[in-house]
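As written, the chains take the letters A, B, C and D, and residue 1 is the first residue of each chain.
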Amino acid sequence: MNIKVAVVGASGYTGVELLRLLVGHPQAELVCVTSRQFAGQPVARVFPSLAGRCELVFENLAAAEIAARAEVVLTALPHQAAMAVIPDLLVAGCRVVDLSADYRLRDAAVYEHWYQPHSSPQLLAEAVYGLPELFREQVRPARLVANPGCYPTSVALGLAPLLRQGLIDPDSLIIDSKSGTSGAGRGAKLGSLFCEVNEGFKAYGVAGHRHTPEIEQTLSILSGREVTVSFTPHLLPVSRGILSTCYAASRQQLSTADLVEIYRQFYADEYFVRVHPVGSLPNINQVAGSNYCDLGMVADERTGRIIVVAVIDNLVKGAAGQAVQNLNLLAGLPEQTGLEALSAFP
Amino acid sequence: MNIKVAVVGASGYTGVELLRLLVGHPQAELVCVTSRQFAGQPVARVFPSLAGRCELVFENLAAAEIAARAEVVLTALPHQAAMAVIPDLLVAGCRVVDLSADYRLRDAAVYEHWYQPHSSPQLLAEAVYGLPELFREQVRPARLVANPGCYPTSVALGLAPLLRQGLIDPDSLIIDSKSGTSGAGRGAKLGSLFCEVNEGFKAYGVAGHRHTPEIEQTLSILSGREVTVSFTPHLLPVSRGILSTCYAASRQQLSTADLVEIYRQFYADEYFVRVHPVGSLPNINQVAGSNYCDLGMVADERTGRIIVVAVIDNLVKGAAGQAVQNLNLLAGLPEQTGLEALSAFP
Amino acid sequence: MNIKVAVVGASGYTGVELLRLLVGHPQAELVCVTSRQFAGQPVARVFPSLAGRCELVFENLAAAEIAARAEVVLTALPHQAAMAVIPDLLVAGCRVVDLSADYRLRDAAVYEHWYQPHSSPQLLAEAVYGLPELFREQVRPARLVANPGCYPTSVALGLAPLLRQGLIDPDSLIIDSKSGTSGAGRGAKLGSLFCEVNEGFKAYGVAGHRHTPEIEQTLSILSGREVTVSFTPHLLPVSRGILSTCYAASRQQLSTADLVEIYRQFYADEYFVRVHPVGSLPNINQVAGSNYCDLGMVADERTGRIIVVAVIDNLVKGAAGQAVQNLNLLAGLPEQTGLEALSAFP
Amino acid sequence: MNIKVAVVGASGYTGVELLRLLVGHPQAELVCVTSRQFAGQPVARVFPSLAGRCELVFENLAAAEIAARAEVVLTALPHQAAMAVIPDLLVAGCRVVDLSADYRLRDAAVYEHWYQPHSSPQLLAEAVYGLPELFREQVRPARLVANPGCYPTSVALGLAPLLRQGLIDPDSLIIDSKSGTSGAGRGAKLGSLFCEVNEGFKAYGVAGHRHTPEIEQTLSILSGREVTVSFTPHLLPVSRGILSTCYAASRQQLSTADLVEIYRQFYADEYFVRVHPVGSLPNINQVAGSNYCDLGMVADERTGRIIVVAVIDNLVKGAAGQAVQNLNLLAGLPEQTGLEALSAFP
C-alpha cells in the first residue's frame, strides 16, 4: 500500500523537484499540492515538465484539510512561513518533513540570532536533523524531521569521517562553497536574473551566511566539541549543484591514499555517497539531477593540510531528494526508493 | 526474464546516455559495452556519473563475441563505422538498433550523394525507420532498426498531423532548427570548445546539412508525394535540446484552436508526445533528460501560415531514448519501460 | 568642444550600455543621468563596472532641468513612458534620440493597434527612423530620432540589398530571429530568471510580436510596396546578441558568390556592416560588445530560396550603439566616434 | 611616433586578445603576427571579430625577421616554446614581454621542479616580473618582462596591502581560486569541450598547480620571508574571469571599515585597481573585457580571519591587458593607453 503524501508550498524550485520525485516514486501517492500563489491552476500548466504525469491542481488548504488526506507532509515553505503551519499539521496527526530552516537548530537562541523570533521553540527538542547517513536511526521514528540545508549537507558528509576520527584540527576549518542559482529560489529578484548571473561569479554572505550555525552545529556533534568555521558561499552560473572545498590542518601524517581508504570504509554501506579514487575529484555535473554526494580528497604534504571536495545537487541531496530519503525512512521503505535516477551527463 | 543488450561504441554522449537509460531499465540486462578508445577502462572511471551502478569495463570485441552474449545490440558508432560491423552482427544472429545514419535512407544513391559509398546497400530495403509514433508496427518484428536522426525526429513529429491530413502545402515548408551542443558529439574539435560555443549562436550546414534527405524522405511518406524543404540547423549554447520551428502555407482557414485539436487527436494515444494548449509554446528545458516530444502551434491569420514548434532532447528522444523505445518494441515490452523519467526542471 | 548629452531612464541594460559608451566617447560630455528607481544613488554603486570612470549620481529631473544642461537627450525609457516626456524635451530645445518604440511607426493607427493610444501623434511625421546605413541623410538635421528596434535593425540590414534591387519575392519572407536575454530588460520578472532561461530555448510572441509592424514598415519602404512577413522571435540563453535567419524566394538564378558580391557592393562604404565570404556565416560572439552588423548569405539552388543570416549585439547596434551613431550624426561627428571597440572574443 | 609591435604565437585566446587590444591602441603599430598553425591565413578569417580592422596575415617567421620589423615583441607561446625563441629575439635587439611562465620564477631549480629543464637560466636574473602595480620601476627599463600568470596576478594584488604591512600571518594563507575556461587555452582537448564544462564545476590541480610557486615567490617578496600557501584552482563555466577568495589569520583587531581604508590608501594612485566599499564585494562580470582588478574585503570577527576577494579578467589583467600595460611602460606611455575600455555589463 502506498503512503499518502502532501506537498505544501510547491511553487518554487524545491517544490517542483519534490513533485518530480514523487510522481516517479513507486510507493508514494501524491494526494495534494498547495500553493497560495498558484491556487486553482493545474500543476502541469505551471510546470510543463510534469505534463501528462500529474493531474493535480494547486490548492490553498488549511492544515486540517491536508491532514485529512495525507500521512506525511513535505513542507517546502520559506523559513518563518513553515513554523506558522507545522505545529498545526503535527496536531492534526501528520508526520512532517520540513525543508525550511525553522527546526534545524537545536538552540532557539541561536535560531533567533540568525533568523527571527521562533514561534514554536518547544518543538526544537523533538525535531530530528534529517541527514540519514549520520542520523538515520533518529529519523525513522520521528514525527518532525528538519531536512538539512544544502550547503550543510555537502559539508557534513564531506567532513564527517575526519571529524568523527579526530584526524583534523576543527579550529582550522575553512569552507569555500559554490552553489548553483536554483538555491536562490524562484522569486523574481534582480540578483537572480539571467543577465546578472550568467558569465558572473561572486561571493555573498561572507562571514554572515545563515547556514553557518547549522554547519557548526553538525560539525560540533561530529567532533564532540564546539566548532567555529569560516564559511564563504559563492554563486555559480549553473542551475544546479553545490561544490564545497574544505580545508583543514591534518593532525597526522596521512597520504591521499590513506584518506581515500578512510572515506571508503566510513561510507562503505551508503548508497548515496561515492568516494573518488586517488587522483580524481568530483564535478557537479556528475551528480546533477541525482541524490548522490560524491567526495574527493587530497593530502597536501607541503602544507600539512587536507583538502576535501564534496559535490551534491542542491535541489536533490541538498533538498527534495533528501526529503524523499527521509520520507522513505519514515515509511519503512528502502532509502533509495524512487531516488535511483542517475545524473544525465552531459 | 530480462533481455540481454550490448552497446557498441559507447564512448560518446549518445553512448553514455544509452548506458544511463539501460542501467535504470527494469527489464534490460546490459551485458557488454564496447569502445576502442577506452577498452580496458572501467565504465565508471570514464563516466563518473555512472559510478556505483555500472561495474562493466569497456571492451574491444568482434561481432561474434558480442552476439554470443547479447540478443539486441545498440550501435552508437559514427556513420560508416556502423555499416562496417552491423552486417556481421545480423549474420551472428543479433537484432540491431543502429543510431547512425547508415540505414536510415531507403535509396542507396541518395545516401551516397550525401555521405559516401554504402558497403551493404542490400540491407536498406530491410531496415525499418524506427520512429515508433509513425512506424510502430514495422519496428516490432524488425531485425535491423535505423534509429532516426535528432533533427528529423523533431520535424517528423511536428509535421505529421498536417501532412497526413493534407492541411499544408508541402512545397512551402521551411524548417529552422536549433540544437544543443551535445549533438556535435564528444570529439575534441575546436568548434565544440566551451569558449567557442558559450555566449555564441550560429547557423551551420545551411542548404547542405545531411539530415535534409532524411527529413524529406519521412515528410514525403507522410505527404504521399515528393517533398523538398529548406532546412537550417543552428548551434545553441546548451548541452541538450532541439527546437524546430516549422513554417508552412495553410491550405485552409484554421484557427490555432483547430490546430491544437487536430494535434491532440492525432497523438491521443502517444505516451511521449504532449500537445500544448492554445497560447502556450514549449521550451527545451521541459523535455531535457526525458523522452518527450512537446509540440505547440499557431495559425497566423495575417500571413496564412502555420507555425509549429517541436522540442525534444536530442540525446533522448533524438537518439538514446528512442533507441530504447525501439528496443522495447523489439522485446515486446510496453514502449515507455525504463523511459518514464521526467525532465529535471530547472 | 564636446557635445553635452543626457541619458534619461538609465537604470536598465540599455541605460548602462549608453553610459559605458558615452563614458568612453571622446567628444561627448555626459552631463546628467536620470532614473526614478535609483535617484540619489551614485551610478557606480548601481553599476560597479563603471566605477572609477563615472562620478555622476542618478537624478529625478523634469524636462526643463534636463534641457538646461544638455543639447542632446538619449531616452532609454519604456514605450509610453517615452512619449510622456519627449514632447517637453523638444519644446525645451533639446534634440532627442529615443530608444523606445514610441516614434518608430509613421502611422498612428498602426502604433495604436500594436501598442496603446499615442499622446503625440503629430510628432510621428517629424520623427526620423534612425537607421544610419539606410536613412543617414534624414538623421543629420533631425530634431527627433526614433532609434530602431533590435530585431528590425538586424532584419533591415540583412534584407536591404535584396529588396532594393528587387531580387526576392517580398511575399515569401520568413524571418526566424533569436535574441539574447538582455533584450527582455532588467525588470525582475519570473521569465527572466537565470534558472528559467539557462539551458532553455523557446519561441515567444509568435505571429504577434510588436516588432512586426516596424519590420514591415522598413521592408515596405525598401521594396516600394506593402510587405507582410512571418516573424518569429526566440529567447537565447546568452546575455547579448541577435541572429536573424531570413528566408525568401529568389526571383533570379543567383549563386552564393553573386549574392556576396551584391552585398559587398551595397555596403562598401559602411564602417559597421561586414559581409562574410562564401562558405562562412557569422556568429553572435563575433559582434557582442561592438556596433557591427555581420552578414552571411547562401543561395539554395535546390529550393530556389535565399537564406541571409544577420547578427548584431542587441544592446549595441540594436540599441545603445546605434543611438550613439545617431548622436554622432546629429553632432556632425564621424559616425564611428566612440564606437570603434571590437568584440572581445571569447 | 608609434611603437612597432609584433605578436608571436597569436593563434590562441591570449593571442586574439592581444590583437584586439593592439588594433585599438592609439600609439602601437602592429607590424607582424606569427602562428605556425595558421601561417598564410588572414587574421580576420581565423578571428572574424577582427574583420575590417586587421589586414595582417599570420606568418611563420624567424627571430631575426621579427626583429627587423618590431621594437617590442609580445610572445604568447606555451611555456617551453617561449624560451626556445626569446633568447634569439633579445640577441636580435628586441625587447620582449613574455606571456608564458618561462621567465617568471627567479630560481631555475624551482622552475625545473614544477616545469622541465630550462634552456636559458642565465636570463632569469635579468627578467623583470611585470606586475606594474608592485614592480613598476623595474619594468620601465627592462629588456625582458615576464608577464605574470592570471591566478598570481589576482592573488598578489589581493594580498599586497596586508602582507606589506604585516597584518596577517602568512603561514595561514589559503587561496581558493576560480577561473573561466579561456584560461585553459584554445587547444582542442576533451576537458575543454562545451558539454564537459557547461553546467559543471570542479577543482583541479589541487595541491599541485604550477602557479603555486609563482604565487609563493611574490607573496614571499611582499612579506619579506618565505611563504607557503594552499592554492586550489577551480574551473568556472564562463568564458572569462578569475575570482580568488583569500583567507588569512589576522594579526590585529581590524574592522572591515579599517581594511577598506587600508586598501584604498594602498591603491590610491592605481588606475586599474578599484576597492569596493564596506558591504559590497566584486563580481567577475564587472571586470570582464577590462584591465581592472576589483577588490573586496571582510574582517570576520567570529573567527579572527580576514577574507579578501579579488576579481580580474584572466585574459586582460591576467594576460594580454597586463602585457600591454607593460608595453606602455617600456614605451614610456601612460599605463592606461589603449586599456581604457570598461566591461560591457551585462
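In this section, a contact is a pair of C-beta atoms (placed from the backbone, for glycine too) under 8 Å apart; a residue touches a chain by one contact, two chains touch by 3 or more.
Note that the coordinates shown come from a computational prediction; the quantities given were computed from them, not determined experimentally.
Of all chains, C has its CA centroid at the greatest distance from the CA centroid of chain A. Pairs A-C and A-B differ in how many C-beta pairs touch across them, and the larger number is found at A-B.
The mean-CA centres of chain B and chain C are about 39 angstrom from one another, to the nearest whole unit. With each centre defined as the average position of its C-alpha atoms, the distance from chain A to chain C rounds to 45 Å. Centres computed as Cα averages put chain A at a distance of 36 Å from chain B. Multi-chain contact residues of chain B (touching two or more other chains): 13, 182, 195-196, 198-199, 237-240, 282-283, 285, 288, 346. Contacts from chain B toward chain A in the complex involve residues 13, 16-17, 20, 23-24, 45, 47-53, 182, 199, 239-240, 271, 274, 276-277, 280, 282-283, 285-290, 292, 294, 315, 340-346. Chain contact summary for the complex, chain D toward chain A: residues 174, 176, 178, 195-196, 198-204, 206-207, 228-230, 232, 234, 236-241, 243, 245, 247, 281-285, 288, 296, 298-303, 305, 307, 309, 346. Looking at the complex, you find that chain A touches chain C at residues 13, 181-182, 186, 188-190, 192-199, 237-239.
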